[in-house]
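What follows is a group of structures, each given as structure tokens.
Look for chain A in each of the two complexes below; its partner is chain B in the first and chain C in the second.
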Partner chain A sequence: MKRYFAVLLGVLTAIGGFVDIGDLVTNAQVGARFGWSLVWIVVLGVVGICVFAEMSGRIAAVSHRATFDLVRERLGPRMGLLNLVGSMLVTLLTFIAEIGGVALALQLVSSVHHVLLVPFVAVAVWIVLWRAKFSSIENVLGLLGLTLIGFAVALWQLGPDWSEMVATLSPAEKPAGESWATYAFFGVALFGAAMTPYEVFFFSSGGVEERWTSKDIGVMRANVFIGFPLGGVLSVAIAGCAAVVFLPQGIVVESLGQVGLPVAVALGKIGLAVVVLGFFAATFGAACETGLSVGYSLAQYVGFQWGKFVRPTEAAGFHVVLLVVTVLAAGVLLTGVDPIMVTEVSVVFSAIALPLTYFPILVVANDPDYLGEHSNGWFANALGIFYLVVITVVSLAAIPLMVVTSMGQG
Partner chain B sequence: MGSQRRTVVAVLLVLAALAAGPLAACTVVDEPAAADWDHSAERALSDMASEVGSARLALDTARRERLWPPYALVLVTEAEEAAGTVEEDLSRLQVPPQREQQAEQVLDLLAVAVTTVSEARSRAVEGRYDDPALLDRMERLASRLTGEAGRYASG
Partner chain C sequence: MTAARGSRPSYDAALHLLDRQVVDSDGRLVAKVDDVELVRADDGRLLVTGILSGLPALLPRFGPRAGSLAARVHREIRWAAADQEQPLVIGFDLVDEVTSEVRLSCSAEGLLERAQGGRWRLGTLLGTPVHGPGVHRSARVLDARVRGRLGGPGDHVVEALVVGPGRPGALLGYDRRSEPGPWLVGSFVRWLHRHAVVVDLGAGVELDLEAGEVRITGDASVRPLLG
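Let's look at the complex of A and B:
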């Protein structure tokens, strides 16, 4: 019974924790501009994150060490440093975007400008990172994030023509006014949002925090293969709501407030309140995850004691890193930079950094010295290699597309 | 001695080549292309249509009591700020001589849109959402902006 409860809790928190500010904004933008014609990218991205999250979870469960603890050892300090710098900068950028996202969510209920809220949000995030238990952060915020199911209810209530929706799933149904370059740019951004590198840092380090063993591989797979795809359904619902409400009116999504507007149209104030709670939980949860991920990756590379399973005094370096990155994130946002713009940049740079994150995972997951009988089989390798090709193409295409389309402006 | 002279000549040639680039760039400054201005106008008009549509949707949803006041105010304020930026960005561009008349018309239309979105924000601040005349005007304005954008898109 306890095991079933663990699976259920894990799946629910995986669903609620799947969506972050990047998913919220990018899916709504894509739905408003391209309708359903980019949904296949969400499916591609969700399968990809499942493939690599399962590998990194398996590495943590069998070796009792986080993925990037092993990357330096297995691939050497030079490759480890390249990996650290690329992935950590993207995660830091995502951390800034998430803190901005929390402030934007609070702005929607208070109408106080988000810049004024940033210091309070940063202090709250830091206190949670310092004081709260790992399982509390994961479970409470993950379960609250489930309120984003409001988007699926709203989509059903908006009553789109489902047969027409199916007919427009093909890339050929891209709106005529949009260029193929812009379509490809948003495809890259959507893929980057679905496969954000911090998700695997957090997942594998979380496995070590929760002291997974080989016996937990089944539960971990249930979380990944049930929770993540259902989280992907929420992403599609966000895009769908925007496609139904905004696309016919030619409205482009540029703010978090607009992301929730279709829910207000469909469900009214109560539905909107539920979804705004989801915005807060999703962004606050992701702020904690990205903040911890920056600390994890740096501490694992340098060799500090890390994690929340030890007292802060025993992992002082790790907690100093958390404090410094929180102050840095707040400082950047206090300059008045638009958090939505930071989000847009972070998802594109996530796409650029994908090979740096996922190639080492594939290498370590194939090493029998670390994983023994649990190292990758042919199917995991076939999927891993397929995705490595895809993410390399995406990574190489990201900057040219960003320049050619002026960040998707057309 | 000979090699020194060759070095001096080579350095002078390199300096001349380096100076030639910027000088050439100065002399080839051309008047702005009409097609580029048309593209910018099309983007500004469609962006403005989006802002007017967004503000209208927020106001209308609040009128039907499906949106709480701070949320509606945030949405309309963001639309007003973005509308101002759209107008400012286009007005800063140098207009090609053959587009002077069109530019005046487009900038007038954008100014009307900015004023209308500002009016919508005033209503949101006052909490007076039930203004069918304003909503109707915004709907017609958004359609007109979209139509004008389409005209510039098709060249």
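Let's look at the complex of A and C:
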């Protein structure tokens, strides 16, 4: 019974923890501009993150090595350092966007300008990273994040014509006013948001934090294969709500308030309150995850003690890194930069950094020295190779598309 | 899961040791294997004597140009320290087990000491050009094959060098197993390293690290890595 409860809790927190500020903003923007025609990218991205999260979780369970340990072991100190710098910058950018997202969610409730809220949010995030238990962070915020199911309920209440919706799923249904370049740019952004590298840093390091062993592979797989796709359903629901409410009016989504507006239309104030709580939980949870991920990747490259499974005094270097990045993120947001803009940039740079993270995972997942009997089967390898090709194409296309479409404006 | 447990008599130092996490007997994370210390014994054998850690060990491994520049800058920052060029060392006799981590047989508290000067490093040996019959003309040292039982008594002796064109580490471990996957990556890496050979240390092999090259004569035992 306890085991079933553990599986259920894991799946629920995986659903609630799947969506972050990048998913919220990008899905709503894409829904408002492209309707349902880019949903297939979300499906592609969710399957991709499942494939690689499962591999990295399996490696963490069997060998107790998290992703950045592997990056350095397989790519060596030089390529590993380039990888570290790239991944840390992208994760830091995502961390800034998440803290900004928390401030924006609180702005919706308090009407206080988000810049004024940033210092308080940063302090709160740091206190949680310093004091809270790893499992409490994951469980409390993951479960609260489930309130984003409000989007699925709202979509059902909005009652789109489902048969018409199915007919507009194909890429050929791109709205005529949008060019193929912007379509591709938002495809890349959506893919980057779904496959953000920090998710595997956090997932694999979390496996080490929670002391998974090869016995936990089943539970881990349930989390990934049930939790992530259901989290993906929430992403699609966010895009769907925007498609129903904004697309016919030609409204462009530029704020977090607009992301929640379709829920207010469908379910009224209570519904809006519920999803705003979801915004808060999802962004706060992701802020903790990305902040930890920056510390994890640096510590795993250099080799010093990391993790919340030891007392903060035993992992002093790790906690200093967490403090420094939190101060840095707050400093960037205090310049008054628009967190939505930071989010848009962070998902595109995530897309660029994808091969750095996923290639070493695929190589080590095949290594019997690490995994013994648990190394990849042909199916995981076929998917892994397929995604390696997709990821490389997406990564190479990201910057040219960003330039050609001026970040999706054109 | 075992990379080089006591049961296995030999291991490849770059593949199985370098850049792995060092963990002490209490399970605390200590450092990375930033480099491996080698000592030339009086009888000519090359022995593995310690694990090196810290920036003075790591920085030179960033390549001939970037690495020496980074090491020089680091030296100049700590110009007043007598031991500024020396990394920290963990004696190899304290290594209990090497799996996906390097496990020590004792607590690491206060364990790391400054390394002595004048010893060789695996990082210097790797990438050294190799000249002579039987090897590719742009061959370099890719790895060092070590005979020795981890956690057991006895010396760890470098008995052979893996030599071939390319960069150390670029084999990604695809040369050491019969059934590596995914085949696309595996066969590409193996194709890249089709000229790689194993050269036994001994007669006909001269390690001249001062001149920065390894010279081979016709007497040396050279066999293909991928058979």
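The rule is simple: the second predicted complex is superposed on the first by the 410 of 410 C-alpha atoms of A that agree within 3 Å, B and C clash if a C-alpha of one lies under 4 Å from a C-alpha of the other, contacts with A are read in each partner's own complex, and residues count from 1 in each chain.
We take it that a contact is a pair of C-beta atoms (placed from the backbone, for glycine too) under 8 Å apart; a residue touches a chain by one contact, two chains touch by 3 or more.
A quick note: this is a predicted structure, and the numbers were derived from the prediction, not measured.
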| item | value |
| --- | --- |
| Chain C versus chain B on the shared chain A, clash or fit after superposition | fit |
| Touched partner set for A:Arg221, first chain B, second chain C, both or neither | neither |
| Contacts of A:Val109 with chain B and chain C, given as first, second, both or neither | first |
| Chain B versus chain C as contact partner of A:Arg72, first or second or both or neither | second |
| Touched chain A residues, chain B compared with chain C | C |
| Chain B versus chain C as contact partner of A:Ser255, first or second or both or neither | first |
| Which superposed partner A:Val310 touches (first chain B, second chain C, both, neither) | second |
| Chain A as apex of chain B and chain C, Cα-centre angle in degrees (nearest 10) | 120 |
| Distance in angstrom between the closest Cα atoms of chain C and chain B, superposition on A | 32 |
| Chain A to chain C touching residues, read off their complex | 62-65, 69, 72-78, 80-81, 299-306, 310, 314, 362-363, 366-372, 375-376, 378, 381-382, 384-385 |
| Chain A residues touching chain B - in the complex, by the definition given at the top | 107-111, 177, 245, 249-252, 254-255, 257-258, 260-261, 264-265, 267-269, 272-273, 276, 409-410 |
| Complex contact set, residues of chain C against chain A | 1-3, 16, 18-22, 28-32, 34, 53, 58, 61-63, 66, 99-101, 168-169, 172-173, 177, 180-186 |
| Chain B residues within the chain A interface of the complex | 43, 46-47, 49-50, 53-54, 57-58, 61, 65-71, 73-75, 78, 82, 142, 146, 153 |
